[in-house]
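Two complexes follow with chain A in common, the first pairing it with chain B and the second with chain C.
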Partner chain A sequence: MATELGPTPVKPASGAPAVHHGPKGVGEDNRILSQGKWASWLLAPTIIALGVVIVYPIISAIVMSFQKDAGLDPATGLFTAGGPAGIQNYVNWLGQQCAAPGGGTVACPPGTLGGQFWSATGTTFLFTVITVALETVLGFWMAMIMARSFKGRGLVRAAVLVPWAIPTAVTAQLWLFMFDFNGIINKVFSASILWTGSEWPAKWAVIIADTWKTTPFMALLILAGLQMIPAEVYEASKVDGASAWQRFRLITLPLVKPALMVAILFRTLDALRMFDLPYILTGGANNTTTLSILVINQIRQGFNSAAALSTITFLIIFLVAFIFVRFLGANVVEQSGATGKGKK
Partner chain B sequence: MTTATASSSVGAGQGTASRASQSREQWASVRTYISAAVILIWCLAPAYWMVVTAFRQVGFTYDTTPWPTHVTLDNFLTAFDTSFGNRFGQALLNSIIIGVTVTVISLIIGVFAAYALARLNFRFKYLVLGFILGASMFPGVALITPLFQLFTNIGWMGTYQALIIPNISFVLPLTVYTLTSFFREMPWELEESARVDGCTQGQAFRKVIMPLAAPAIFTTAILAFISSWNEFLIASQLSNEATQPVTVAIASFAGAQPNQIPYTAIMAAGTIVTIPLVILVLVFQRKIVAGLTAGAVK
Partner chain C sequence: MKTPRFLFPAATAGILALTLTACGGGGGGGTTGGGSDAEANLDGRGPITYVQGKDNNNVVRPLIEKWNAEHPDEKVTFKEQTDQADQQHDDLVQRFQAKSTDYDVVSVDVVWTAEFAAKGWLQPLKDKMAIDTNGMLEAPVESASYKGTLYAAPKDSDGGILYYRKDLVPEPPKTWDEMMEMCSIAKENNIGCYAGQFKQYEGLTVNASEAINSAGGSVLDDEGKPSLNTPEAEEGLNNLVEAFANGNIPAEAITYQEEESRRAFQEGKLLFHRNWPYIYSLISTEGSSQVKDKFGMAPLPGKDGPGASSLGGHSAAISVYSKNKATALDFIKFLTSEEQQKFFANQASLAPVLSSLYEDQELVSKLPYLTVLQESIANAVPRPVTPFYPAVTQAIQENSYAALKGEKSAKQALEDMQKSIESAGAGSQ
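This part shows the complex of A and B:
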């Protein structure tokens, strides 16, 4: 699983080979060897716990996904046993095929879960791209404001934590109330939109609520990145006559890029698994069903088929993370792990 | 409330600005205050609306007066009323039980891992860090299907342990990497000197480092608790009426009329669920922000 984070910068120096007995010092090697022993004892509980609660379910889901769902055969009305299904569950989801009466498969009729795979994938990516883009732009802007020194800055920095601290379930109900036909949003904008009643208003309702809830997290991550930029760099560039736009493009952006990429990666992976907000706000109606909602709806109609869908979802997220790390330079481990006093 | 605070700080800003300063700088500072006011309104207005509605009489649910009118405490009583099938009080208790258990277990396990990751040199360190970070970004739905089946088979559906164990998979990685970043910043020279004075590494950890690490651990505990408190996906599938946490209770809040959503009561319930967190977060604001951003920039 760690491979999803790409080329992990395992520097030889940080884990000096314990068997090496060069002239440089046996003592140093023994020290690292004993530290390694210590480390494995200290890490064991975490690794075991994560193995039990994450690795075991994953493997179990993959095994399940290659099994048939036991159930009543729609054609014969007889109970069919499970048994190996090969890749049939995956083929069914990707091809939007459902079991046909009398064996074989047909295209899933509209409205069934099996026929929603590609629309759910599309919705998930649409939500992800729009919310992350909005959050990045708004978050960057908020971070730039919060990085300035002005009276009341502390108040602003505290205020941005409020949306973050409200549980998503409460956020969803709050926005459902505000998006009500008689609600405050229609009143303030003198609109009469049935927000959760048709496709695009429903999608925008989810996007707006999600952006409200998660922009603060983005802003705080970017702010932390901005604060790592030494003030002298800006002063020097001012002396050299750089305009505000030049300072932003040539200094702020490149220097804040590592933190920004990590923030975007975190948010993207989070948005791809979006569940609570659309589930409560729209119930997945009007084409707001995300992949996570589809998995949940499928569970009670067949574990094994749901396991195949959740594995597909996992692979999609894994792939996106891989692309981020490999091609867009979001080096999470380097960012969070490479610096610090513990490193030699 | 928000506009009043914002406009008063605009006034203060203009007052302190030196008259000699260039008009361009003054304009920039005015723009900063306008932007700050926009951020304040954007972040606080919806939360403010929740609280105002929570204190409004049911008959005035859709009243749009921007300040509290028709104030009542009835909604809070309705929120705890069990006659419509809601069990909000029980749900609050459940959330506390689950949140505290998950937080304590994650901290006990995670503190050792974080110490190793922050302080020791060993092979595969980056692999372990990568594994833990990867685990924290893991989609919950990938776990739910096998757990649903497993817990059904062993009769754990709706039990507390069925809610606590999966929650650990979300909270433990967060705990480990937040603590790791905090531990990197600590004055470890003191540990060295304790060891020079004859402590073993274990003693040095217990007697010197633990007291120093207490604030970091406390902050991490808050983050872990909030994360567990907000969990919805797992709980919505694996809990039952007796064990459901507040997020599930609020999401399925029923009113007297089946076709009418009891918004004022929901807003009251939301206020009860949120206010303690908001207070906690605001009091420990600096530490929380440091903990939140720790994994990403340091």
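This part shows the complex of A and C:
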């Protein structure tokens, strides 16, 4: 380090001062420069690692999505590479078109994965909207309770985390037992509902299980936000005679909003790629197939078409995240801007 | 001092680039023509790896120890996968795609054989690599073959069995119609009449194909093309649809997988029950079982005689990328030899593929269902043998599920199945 950071003379910027460095001297300028160089070297491994684990697979998937799936050579009975497909895979998914026996495409008959694209998209968004809404309301309520000081608060906070800590696959299996026709839920309510046997019960089964599992996550993120609010603000408003509802609406809500938006964003993105719960509970039957289930099922039938579908899913999720960050003010990206504003 | 500083990031980049190329080899489309790989290393001898799903009954390890003691220079290493069939399948696909030499002998489910063979991943067991299939049951051999070539050695088999309440039904039904007539007995006793597995999953493919095959229909013809637009297929599927409609199959059976349906039968809620042989020991020993000594076993009922069971089970195949195929071949011969087959049956209740063992007194007294099972497997029809199996099973599941729930007629469901399967096969050219 020392050798390079020494007072090596650098050509003073002659002519128009294109670059302004304020009052800094020439030596400092050089130091910043070489620090920047150092920083980029230090960052290089991280950036390369990100490139390998994120950029490369994404690009590779996009490249694959423009290839046809392997087809069977009738003479040998062996699969042969499909060759370039252009945007046909995307067109097929979006238009729900399947290969026709004589060549060309037809509308996908029931029983093909291609025929499920829009219903899977609808199901995914339905699950997302309902579960995130339920989780936000319940999570908020739980956070408000946990934020108060009472005996055994630590215990409650730890206990609340239990559903979140159990692996989803295990949760799904537990709920599957509970939703069994002879299971505990039907016994307790002395009902005879075929939970996984028809459309809406199956959907509600997934929604209930997902809400149970992820509300704690929501509650903890909101709780963190609640604890940022200084107690004086509440005291002052009480002195001013604000009612409980006014304190909630005018103090708690606005101040907890940044944390709340981040929590909702995280949960939304999570819910959009929901897989394990419906996969284990219903196997995707009764219109509970989400986009992720569709991708996994398609991988077994043809990679390239699955790559196209996962690219579409990626774009959908990306779009939702973009809307959140850009228009709804979920500030995960520009953290510094947020704190700057807050200080004013 | 300067050089190392520049070297470090460069070296890091270099190593990462290497990793990247290594990964890159595995990516790619997923198509091979087989060809030269199937000719290579036929005489190779040396250590090999055997891959199969979770060894729940601890039978594989003792066998491998035995082999290793006899073959110190050709030791077998056991690679144990999870107990989930889907995960086992995906793990194998990944290895094969990367042309990995890590896996030499793999255990494949009967329904994967055609797919793997058509991808050119399995060593054809012919000429120098041939094995002796005399004495093996026919259906398992058929399900391990693709386009007339054997690609795997049948290792264990499985077939559906009709479990019935012998305290209520003295003589088991031979045909579907007989069974439906006996449903009045179930009504008198206030229990459900019949159930198999009807949730939308692989088990539904098994049950629906059994219904179709038992009525004389078939899912695919000999060419591998769908053949579902037949009166026989319609009658078969309709049998199930009607039984659901008139309550002979209780409504909750639409949520049944193997375990749910077994519990219903063993709690005494069913008169007839279709399931695999594995439930025999559970029904006869589990504490909660109400029917311990009140049940009998029979072949599945068909149209005029015994029905056509779907076939389960596993085969052992050699990867075309294996370096030591001669050792691998010896090992699969060892796995399918009479002695090891008997060991499998004794220790893990796995149905043998050698017909002689079904007469073995020692085994029959231990596993009383063997005689029935032999008949079941003798009449068994492999689940559709096609490289497009995932699409075919999807088409059968989704459409027959809709039919069973009364959302569409059996005829319509079969037409949709036919079209879906045609479309799956048409994707190619």
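Heads up, the rule we're going with is that the second predicted complex is superposed on the first by the 280 of 344 C-alpha atoms of A that agree within 3 Å, B and C clash if a C-alpha of one lies under 4 Å from a C-alpha of the other, contacts with A are read in each partner's own complex, and residues count from 1 in each chain.
In this section, a contact is a pair of C-beta atoms (placed from the backbone, for glycine too) under 8 Å apart; a residue touches a chain by one contact, two chains touch by 3 or more.
On a predicted model such as this, the values are computed, not experimentally measured, just so you know.
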Checklist entry - Counting only touches as set out at the top, which of chain B and chain C does A:Gln67 meet: first, second, both, neither? => result second
Checklist entry - Thinking of the overlay built on chain A, is A:Ile323 touched by chain B (first), by chain C (second), by both, or by neither? => result neither
Checklist entry - Counting only touches as set out at the top, which of chain B and chain C does A:Asn182 meet: first, second, both, neither? => result both
Checklist entry - Where does A:Thr311 make contact in the superposed view: on chain B (first), on chain C (second), on both, or on neither? => result first
Next on the checklist: Per the contact definition in the header, classify A:Val137: touching chain B only (first), chain C only (second), both, or neither.
Outcome noted: neither
Next on the checklist: Once chain A of both complexes is superposed, is A:Ile87 in touch with chain B (first), chain C (second), both, or neither?
Outcome noted: neither
Item to check | Partner chain in contact with A:Pro45 - chain B first, chain C second, else both or neither | outcome: both
Checklist entry - In the superposed arrangement, does A:Ala224 touch chain B (first), chain C (second), both or neither? => result first
Item to check | Touched partner set for A:Trp195, first chain B, second chain C, both or neither | outcome: second
Checklist entry - Counting residues of chain A in contact, which comes out ahead: chain B or chain C? => result B
Checklist outcome for this item: chain A positions within both the chain B interface and the chain C interface are 3, 41, 45, 49, 52, 56, 60, 64, 180, 182, 299, 303
Checklist entry - Taking the complex as given, what residues does chain C use to touch chain A? => result 1, 5, 8-9, 12-13, 16, 19-20, 23-24, 27, 29-34, 89-90, 117-120, 146-147, 199-201, 251-252, 254-255, 260, 263-264, 387-388, 390-391, 394-399, 401-402, 405, 416-417, 419-420, 422-429
Item to check | chain C-touching residues of chain A, taken from the complex the two chains share | outcome: 3, 41, 44-45, 48-49, 52, 56, 60, 64, 67, 69-74, 76-82, 98-103, 106, 108-114, 180-182, 192, 194-198, 282-286, 297, 299-304
Item to check | Complex interface listing, chain B residues touching chain A | outcome: 5-6, 9, 12-13, 16, 29, 32-33, 35-36, 39-40, 42-44, 46-47, 49-50, 53, 62, 64, 109-110, 112-113, 115-135, 137-150, 165-166, 168-169, 172-173, 176-177, 180-181, 184, 188, 201, 226, 229-230, 232-233, 236-237, 246-248, 250-251, 253, 261, 263, 266-267, 270, 273-274, 277-278, 280-282, 285, 288-289, 292-298
Checklist entry - Can you list the residues on chain A that touch chain B in the complex? => result 1-5, 8-10, 14-16, 18, 32, 35-36, 38-43, 45-47, 49-50, 52-54, 56-58, 60-61, 64, 141-142, 145-146, 148, 150-153, 155-170, 172-178, 180, 182-184, 187-188, 212, 216-217, 220-221, 223-225, 228, 258-259, 262-263, 266, 269-270, 272-273, 275-276, 279-280, 291-292, 295-296, 299, 303, 306-307, 310-311, 313-314, 317, 321, 332-333, 335-344
